[in-house]
Amino acid sequence: MRHDERTAEMIRPVEFVKDFIIHPEGSVLITVGQTKVICNATIEEKVPPFLRGQGKGWITAEYSMLPRATHSRSPREAAKGKIGGRTMEIQRLIGRALRSVVDLEALGERTIWVDCDVIQADGGTRTASITGAFVAMTIAVGKLVEEKQLPVFPVKDFLAAVSVGLLEEGAVADLDYVEDFAALVDMNLVMTGNGELVEIQGTGEEATFSRSQLNDLLDLGEAAIQELIVKQKEVLGPLAAEVGIQTGGLA
Amino acid sequence: MRHDERTAEMIRPVEFVKDFIIHPEGSVLITVGQTKVICNATIEEKVPPFLRGQGKGWITAEYSMLPRATHSRSPREAAKGKIGGRTMEIQRLIGRALRSVVDLEALGERTIWVDCDVIQADGGTRTASITGAFVAMTIAVGKLVEEKQLPVFPVKDFLAAVSVGLLEEGAVADLDYVEDFAALVDMNLVMTGNGELVEIQGTGEEATFSRSQLNDLLDLGEAAIQELIVKQKEVLGPLAAEVGIQTGGLA
Amino acid sequence: MRHDERTAEMIRPVEFVKDFIIHPEGSVLITVGQTKVICNATIEEKVPPFLRGQGKGWITAEYSMLPRATHSRSPREAAKGKIGGRTMEIQRLIGRALRSVVDLEALGERTIWVDCDVIQADGGTRTASITGAFVAMTIAVGKLVEEKQLPVFPVKDFLAAVSVGLLEEGAVADLDYVEDFAALVDMNLVMTGNGELVEIQGTGEEATFSRSQLNDLLDLGEAAIQELIVKQKEVLGPLAAEVGIQTGGLA
Amino acid sequence: MRHDERTAEMIRPVEFVKDFIIHPEGSVLITVGQTKVICNATIEEKVPPFLRGQGKGWITAEYSMLPRATHSRSPREAAKGKIGGRTMEIQRLIGRALRSVVDLEALGERTIWVDCDVIQADGGTRTASITGAFVAMTIAVGKLVEEKQLPVFPVKDFLAAVSVGLLEEGAVADLDYVEDFAALVDMNLVMTGNGELVEIQGTGEEATFSRSQLNDLLDLGEAAIQELIVKQKEVLGPLAAEVGIQTGGLA
Amino acid sequence: MRHDERTAEMIRPVEFVKDFIIHPEGSVLITVGQTKVICNATIEEKVPPFLRGQGKGWITAEYSMLPRATHSRSPREAAKGKIGGRTMEIQRLIGRALRSVVDLEALGERTIWVDCDVIQADGGTRTASITGAFVAMTIAVGKLVEEKQLPVFPVKDFLAAVSVGLLEEGAVADLDYVEDFAALVDMNLVMTGNGELVEIQGTGEEATFSRSQLNDLLDLGEAAIQELIVKQKEVLGPLAAEVGIQTGGLA
Amino acid sequence: MRHDERTAEMIRPVEFVKDFIIHPEGSVLITVGQTKVICNATIEEKVPPFLRGQGKGWITAEYSMLPRATHSRSPREAAKGKIGGRTMEIQRLIGRALRSVVDLEALGERTIWVDCDVIQADGGTRTASITGAFVAMTIAVGKLVEEKQLPVFPVKDFLAAVSVGLLEEGAVADLDYVEDFAALVDMNLVMTGNGELVEIQGTGEEATFSRSQLNDLLDLGEAAIQELIVKQKEVLGPLAAEVGIQTGGLA
């Protein structure tokens, strides 16, 4: 039994508030336990210089935390004048993950920006960001299709992420801040609706782990991600049925 | 009649959600029409270098907008590596305004940071930030008093702010984005519970205004601010009664 | 009687040295008491990106102080690698004020840069900058008209600025450094030749002020600004007669 | 058979030049195929602020590429004024990996800086950096022990890293640039002498992978890393025998 | 005969305005032809970290040009957020030159900052800065001696600088902007009152020069510098007699 | 006799490793005593904005030191976020020197970037960089000629550099770190194959020097540079014969 009475494989309560912010093409507030992230998707009708003229789209993400999303206040990166290494890692991860389930040729020469702003943090902010970002992006893409700007729905499969970790007591899914702090091994998994891996990042800070422990973590992660995808389908409603249909999925 | 059916002197619906974020010492979400700002107050048990050893506290504010708080996406200041002039002006204004109603000697050698993060913008974000920041700060100060870290409640009076402006049709209070864009003269007013001015910033961008127009704007602003202070008292509840009592107010 | 024997409404001696620097299209050294500012105007035959193709001009200002313009040495902003909040506020204010008296359509697609460099400071540097910048800009514009690059003289009215403030002893005009430091309320006023307000910025740092005190300050400011405009007319000579003639003024 | 005639499991020729640079406490040039990295370890007799007074040491790494380490020239990060996301990710990874095999309490209050400078790149620069950095760090630590500044040899186990990846033709170990560019899935593995995992980072950019493919990649990586550790032992000579002895290894 | 009717060895008219700015410990405006530089010296009662506790002083210089000191406007370094290579070279040169004629032990643990701000440029701004900086520094040092904060006058000799160059027509002294632009070889010389060299910087951009041409340039420079030192003595008045007396000069 | 048994005029052993790095168009490792610099030349088929459309090429250099090239570790300029004054001076010097021996019209509208990365430092890194950079550049240019992209070999003469200095014991050539640290006067000389000067930079930090001492230093430098050019000819082999032939040298 964990400190908050969950079993090893249980994830925290997950909730999505659709259209949380009125301006973006896609907007969702994702709540995972006490972690809350605003995910806003913006469509921009051009691509970065390295892609121009290739008939291909791009998806990029930015991630930030409000200074007081955490227990004690952290200075703003804008005030420090530069983005830290942790932030960069996370925003690269989110963008890469989203791109893995979108047919960028089908998207056409446009960019989807997904902004993930953590307003309250209690562990798992990067994985909640990915899970929420997928929903915001899919809503935005849905509008493009509805407005006939896209002939084909370019999202090939669902995508969600979860953290798993090794505590003294064993492997657990969806760590909160207290567990994350105590974990010997911390792993973030990103997977698709058809159970394929997109990203695995496992780290033993001042610790190591065996192949068999790795497998326990993967088992927990797989199950948790499928639960999250069920929730994504609920919030997306009819849009969920479009995912993967026209692109033939990830086949 | 204005485009949203308000009369010249009407302000938009105002709402406060107390304890919106769980970690800060004081937290409030202020909603003014479609403008939404998270105001979080943090107590830090030290003062900036220029104040050390003087037995006096400090209050400072930071202001930011989510990239998609606005109609089109604005790049993050962290990504640009520097804080823009508009942001600096606003955060200096908020801090100055809050300091005008706090007895800094009574606060003791500590700093109150107030973070105002606009998650959705529709005009009046700086004035909503001040009005919300006052509430967040007062809650945080209330905790210090309750925990007996402060013998005296150092907030001397209420403080709220509103924008007023001159449209082609005449002077109006609490402009939304559409009106703000059209205004010939834009003015921000910060006032206290006893009707004193703390800050007046009136600007005619490519326009000018007369003393009599100034007076019309001041009249509208005064009334609007007193309405806002009524709402602040409601959300602060019993804490409201502490304001100004022990310090003798602004006398 | 004030510490330098002025009465409440007296401004300090004001002097302009025209063509102080040989290279700029317009150049003036303004001296207000011990405050000295070099104001240089540059004509650039293009506009910033946001204005391109609109047939409209732009006016922008930059402000800086020499490190030893002040009693003790302040580090250069170039050495710190960024421009501070105070500098940004001031340069935005100067630019906005100048734009309020120029017909930007009549100016055509060009930018006027006005550089205000304080070489010696004794209070009122931002208002002296505005008053001097107006003269430098008008000289530069005069050359464009003389060279037939402009069919119409696009300056619609005179423009000057002064600081007024509330001391313990009452309201005074044109504060020097000693008075500025002691002031309870500090206000900067920018007005035109026809007595209209362009900008009012009044601030009570750790203090407040009433409507009636505001009116006293405005009365002092109005009178002071009209005195400054008399001096501007003297230094501009025949050019002064061109101001407002062809554009029909600020009507 | 791969484009350079290796089989799937073969790594490229590996070579270490010990004491490549004369000044550092530990220095090695590691060559893996055409990839060449100078790894220099520096001992500094203090720790970063967050560790002061805890009797614990720290290990940190910096990574850079010469502009012309690559096929075409990349601008210097110093010239751009900031460190990119990829560089930050890599230097965080190297530092974290090294810390996992060192007893930081036994190291005492000192920092080991390991600089990894890629002078020639042909894929696998981050894993070559880790493998070389371990050698440079161990040499530097050996000097501290020899000079009796450390009573115990604080390195607990060997550490090396390799990249593995999924090509159209299947899983392969130690990808060069051409293979890396073509890979569907790219994975970096860091493991210890006793076969434990320290870090796994697997990424499908615009692709995904199954659990069974993951297992193939892990099998290849494990074997490759044990080969690299054999080479590390050769170059370390007698020092190799000290690793893990006094600290009881990673038990 | 040169374009401005000077002979090869003639320098332009030189003038010093002492106490040009009221706040600094030493202030002078130097005018060389149309080049004008404000040189302000500040005494700071501490030294940079690398000198602390060594009983030795330091002299450092900063150099800047107003944006419109030149024919066309150059952007401010503060606005660009960094100091350019040319500025850095010049401020390092000025500081180094001044230090060569001051007994830093006799100066004690204090820093002299010399700010050289070019308000109007017509060639030779760096050499005019050195010649003016020497005067400002000597005045500031004179005050320290007068106030008995220094037992000994620590300036060992006079110091001035001039540019010399090779035109198509031959070697000339004190180039103005037009000549500087046309010069095949550009050389800056810094020398002392006793005729010793402190700094020689000769550069053939897309050109070269012989030993014999170098000697011609040195001859011109030596004579010009002795003329400048005569002017420095005039402006320094009685202070001039203190230079070198107590320290035994540069012997 | 010097501390390393050289006579005053002896330079340290010099060695070139051609094609040290495989990717660049020209690459050489230059070793001068214990100083080692990797010099890589890159051809880019465009010129900087200020040269576009003039049918002329450009040569530019960048210089850096590995953090542990020196006795103690120096922080990276990329980590500090800006390039220091010393680095800027050196890279401007290298670029200027190279341009003096190349016919930029004959080079055509392309840029040669020469990167000089000091991997081990023991004095004279900037002069070794110039001497090595000339070789790397000439190899790169040779490839352009060989590939018929250039009709004429645009290098007009050889170019090398050396440091000379004044020790207590007298003038010496090619100072190592220990001598450099002790030197009263430090001078860098850049000369061509035909014995012309390209650059002279002599500095007395807290010291001065006479014309006769300057001449001693120049004599030593001239001889040393001719020795270095002999070595350059050896490493360049047949390419050496092309230098200056078609352009008529520096005549």
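When the chains are written out, they are named A, B, C, D, E and F in that same order, and each has its own residue count from 1.
Keep in mind that, in the parts below, a residue touches a chain if its C-beta (ideal position, glycine included) is under 8 Å from a C-beta of that chain, and two chains touch if they have at least 3 such contacts.
Bear in mind the structure is a predicted one, so any value in this text is a computation, not a measurement.
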Worksheet entry | Set of chains adjacent to chain A and to chain F | D
Worksheet item: Which chains does chain B share as contact partners with chain D?
Response: A
Worksheet item: For the homomeric pair chain A and chain D, should the interface be classed as same or different, according to whether the shared residue numbers exceed half of all numbers used?
Response: same
Discussion item. I'd like the angle of the rotation relating chain D and chain F after CA superposition, in degrees, nearest 5.
Written reply: 180
Item to complete: Provide the C-alpha centroid distance between chain D and chain E, rounded to the nearest whole angstrom.
Response: 52
Worksheet item: Roughly how far is chain B from chain C, going centre to centre by Cα mean, in whole Å?
Response: 29
Worksheet, complete the sentence: Whole-Å distance, C-alpha centre of chain A to that of chain B, is 34
Worksheet item: Among the residues of chain F, which ones contact at least 2 other chains?
Response: 81-82
Worksheet entry | Neighbour-by-neighbour ring order, given that chain D leads and chain F comes next | D, F, E, C, B, A
Worksheet, complete the sentence: chain F partner, complex, touching residues on chain D are 21-24, 27, 34, 38, 40, 42, 44, 62, 64, 66-73, 76-79, 81-83, 87, 113, 115, 117, 119-120
Worksheet, complete the sentence: So, in the complex, the side of chain C touching chain B is made of residues 82, 84-85, 88-89, 91-92, 96, 99-100, 104, 192, 195-211, 214, 218, 250
